[in-house]
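These notes concern the structure reproduced below.
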Amino acid sequence: MSLVCLEDFKAYARQQLSKSSWDFIEGEADEGITRSDNIAAFKRIHLRPRYLRDVSKVDTRTTIQGQEISAPICISPSAFHSVAWPDGERSTARAAQEVNICYITSTYTSCTLEDIVAAAPGGLRWFQLYVQPDWELNKRLVQRVEALGFKALVITVDAPVIGNRRQNMRNQLNLEENIMLKDLRSPEERNSTITAPTSLPSPSFCWDDLSMFQTMTRLPIILKGILTKEDAELAVKHNVQGIYVSNHGGRQLDGVPASGEYGVKEVLNILKAELHTSMALSGCQSVAEISPDLIQFSRL
Amino acid sequence: MSLVCLEDFKAYARQQLSKSSWDFIEGEADEGITRSDNIAAFKRIHLRPRYLRDVSKVDTRTTIQGQEISAPICISPSAFHSVAWPDGERSTARAAQEVNICYITSTYTSCTLEDIVAAAPGGLRWFQLYVQPDWELNKRLVQRVEALGFKALVITVDAPVIGNRRQNMRNQLNLEENIMLKDLRSPEERNSTITAPTSLPSPSFCWDDLSMFQTMTRLPIILKGILTKEDAELAVKHNVQGIYVSNHGGRQLDGVPASGEYGVKEVLNILKAELHTSMALSGCQSVAEISPDLIQFSRL
Amino acid sequence: MSLVCLEDFKAYARQQLSKSSWDFIEGEADEGITRSDNIAAFKRIHLRPRYLRDVSKVDTRTTIQGQEISAPICISPSAFHSVAWPDGERSTARAAQEVNICYITSTYTSCTLEDIVAAAPGGLRWFQLYVQPDWELNKRLVQRVEALGFKALVITVDAPVIGNRRQNMRNQLNLEENIMLKDLRSPEERNSTITAPTSLPSPSFCWDDLSMFQTMTRLPIILKGILTKEDAELAVKHNVQGIYVSNHGGRQLDGVPASGEYGVKEVLNILKAELHTSMALSGCQSVAEISPDLIQFSRL
Amino acid sequence: MSLVCLEDFKAYARQQLSKSSWDFIEGEADEGITRSDNIAAFKRIHLRPRYLRDVSKVDTRTTIQGQEISAPICISPSAFHSVAWPDGERSTARAAQEVNICYITSTYTSCTLEDIVAAAPGGLRWFQLYVQPDWELNKRLVQRVEALGFKALVITVDAPVIGNRRQNMRNQLNLEENIMLKDLRSPEERNSTITAPTSLPSPSFCWDDLSMFQTMTRLPIILKGILTKEDAELAVKHNVQGIYVSNHGGRQLDGVPASGEYGVKEVLNILKAELHTSMALSGCQSVAEISPDLIQFSRL
């Protein structure tokens, strides 16, 4: 069967991967209610298409923190891509570079950041950080990331502790253990005698600590996971460059099957094609024309 | 089993047709959400029937753009009827003429417009046009349609590009290819040496181009696919004679099984009978009495 | 399995009856949407129970058009009870008399009205009338009913024509034919030479004809099937004694399995017991205390 | 399979227990609509988590009627724990004491109150009372409970009569009979010659009778089952110390499988851990910080 939409890729991946790998990727916290809510909320959004506009040329390009991308599509950060295919984040990086969109690399990668950069030197990448209790480690990590050419620092704020992922617990795939064993040091640092620090997110990180990051890097800072207007206002007050609204629920399937790299590229191209068609069918020539008027608010 | 409602005919057709033919007819764009929404929206409409009115005589006749029809039922335009039965649109035209309702003929017919008219010379027909990039072709087509006795021009505005129909992609039934190969010239033109132009809808057609049609024909112009009040207001401003509210979703099953002509007639008669019963049960003697008061708006 | 609720009786009846009998009893018009809506609407009603009230004595008795019944429960009119068991409406009448509630007898009974009265002479009964086109027949029928001791005339207004009941059409159980053959004359009249008139409901009966009934009987008149406030106001204006709000949908299962009489009585007793428990759990000592305050309107 | 959430424990219990025991524990009144509504209502509650707060120390402790507990979790009263495991309420008491939460003991226990207290002398316990028609019995029971060290009297107000529990009726497990046979006298009283009184809840208990309890004990009085603001206002007016909002529906699964005591403790620990995680993920350091602001009211 040909794979013509993301659901096809998802079904194919489920069939190819081992149960524990699938559960890790698909994994929902607790009963998966938030995730069903996410999907249901998407389906409730009705468009108000405008017609009889010239859509012979539709341009999906836009910019994100000053960098041009081919479409407003990013790869969300997710951990340990080698669970799905051996080449891990190297394939992800190559596919993202080829399609020219932004790849937000996770703190918890299967290969080193240096390997990822080497695999696709020209791609746009941001770095997603789980803040570490060890501030020296935070500093070395952020400065290393900036030196490697990442263009923004995405700080996850909605995971001060790890949520309950039942399938992982059932599969005895101890997420905390994997995360604690992840070595966040650079290849060079590993050759030194410093012991690898544990790498669980810090539960004490708070608004007052943000300035620490602002002094150690010139990268724009994005807070990932903000959900309330109160926190959004605090973000503005603390001079962050952006917020990333997300409920961390049902981590979108952005890493797929065994031919690795080709699949990622194919999925990204499907998303781009769907966006292109939707823009044409809604009467939008460019990303700038996509406005709230296109949404039928009364039905939300 | 006797076929007593449209669902019965649909089930029977599914059983008789090949999978690819069925998918083509039933075909929904993307995930079919809009189509499910259409059906759900119909089910949410609650009537407010009025009783103790004399309904011994119920008259379902009405007029449409000045022409009398036996009931406010039309056959929506759909492509390539020969996918369902060999005689294609000729059968559709004969059934519509016999029941005396309006048959909106698609741009993409299996047989020539001349054949359709010859099959049922006395029937009321409108012509649905996918605007072509070649304006000479548009003009020849519209004037030919007017000369053949079609009574209105229905211009589809919600398909500047072809939506994603996943089942067709899976069946390798390349819709674009079929459409591109469709020869929109008259039989006479084909005998001349002119090469058949491709026939994909024009993505650049817009409000300013409407006047071109108004100068080339005296037929009333109906815009099919308008969904927003903004576009409805623009239609009035551009002096079109009608709008056809539709989301193109879940193309209604109006072409059915293999005994072809008889089935179409039967389906139309069921629709008429259901309308007749519903009018009697709601206390309406004539189509003119069907008013918004019959709908329980608060529940929508 | 013991039968402890109405769903149990329904499941048992379905198992015992032939498919065509079951479909006739269960029969829904068209797609059964109204019926599902009825059930869903009931489930949306939330009670606001009041506690710490003395409910050691709960009295379910009430009056209906001046007659005392043991609980506000009536048997709705439904046609041809002999479809479910041989003794037909005679059993229904005996069970209703024993439980002391009101049995609304249908125009279309399997046995004569005289037989029904003889089976349970002391029971409270109303007569449901499908108005006939033959006014002489209407008059003879109403006066016969009054003479037989029926206490009210329930005129059905929502069936000027017969709705589409698909299962009956599929089972070739021609409802119209059965109804047309029903002989509405008294046993005596049948011995005379008058030909039995057909008995389909009159589609021309309207508000102006109501006074005809008011001159031919002193029985209170109830209009069954009113659904809009406009029609309710007209009913008041025309001096009818009551309206019976109903959408005729999903005719309640009031005729059940093969031991016939015992089953009906059992079902009525379950309903009475459920009412008694619900009144106690809501803090109501008598039917008069059941007020709109008990309903959580905001959730409807 | 490891048991990682309450649903796992529930599935395991269902598998281990006999059908009649399971139905007794799971038992819903009538059609279980209220219970489904309860679950659906819980799922509709959306949290508004606040981030970037120091949650390295989360304290789930709180007080209830002046007593400290390790988390705002109580064991709701439920009858006859020996249906699930031989040691009955003794195991429940020991587990509650170990986790340091409040165990509300039911009127209808499998073993004597003296046995329960002896099993876990240091645990916090309240006593749930179904008011008895025999006021002498009520008085002896309440004073005995106070003497045994229970810290509050929870009077159930929503069960003046027993609701219909269909599964129990089907299983011939006659709840009323069991309840009537329950001997509410102390071990000493049983040695006297007084006949055991029946023990069905009193249907005549009402607001005016409350003062009787207030004169016979100094324990705080909580009314369980209040559902309307009118009744809540009457409770304040009658000087009760608390109300326990509950619809008695779908009695939460608080008694589980055959290893008895260990299971209860495990379930309580899971609840505590889930609360701890939820507080951290919502930015709450202590129970006092859990405020209505955390709930997205507009979506309810």
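In order of appearance the chains are A, B, C and D, and numbering begins at 1 in each one.
FYI, a contact is a pair of C-beta atoms (placed from the backbone, for glycine too) under 8 Å apart; a residue touches a chain by one contact, two chains touch by 3 or more.
A quick note: this is a predicted structure, and the numbers were derived from the prediction, not measured.
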{"item": "Remotest chain, chain A as reference, centres from CA atoms", "value": "C"}
{"item": "Homomeric contact chain A-chain B: same or different residue positions, threshold half", "value": "different"}
{"item": "Centre distance in Å when chain A and chain B are each reduced to the mean of their C-alpha atoms", "value": "45"}
{"item": "Geometric centre distance via CA averages, chain D-chain B, whole Å", "value": "63"}
{"item": "Shared-contact residues (touching 2 or more other chains) in chain A", "value": "none"}
{"item": "Chain contact graph, described as a line, ring, star, complete graph or other shape", "value": "ring"}
{"item": "Those chain pairs that satisfy the touch definition", "value": "A-B, A-D, B-C, C-D"}
{"item": "Of all residues in chain A, those that touch chain D in their complex", "value": "30-31, 33, 37, 157-161, 163-164, 166, 169-170, 172, 202-207, 210, 223, 225-228, 230-231, 234"}
{"item": "Interface residues, chain C side, partner chain D - complex", "value": "1-2, 4-5, 7, 43, 46, 48-56, 273-274, 277, 280-281"}
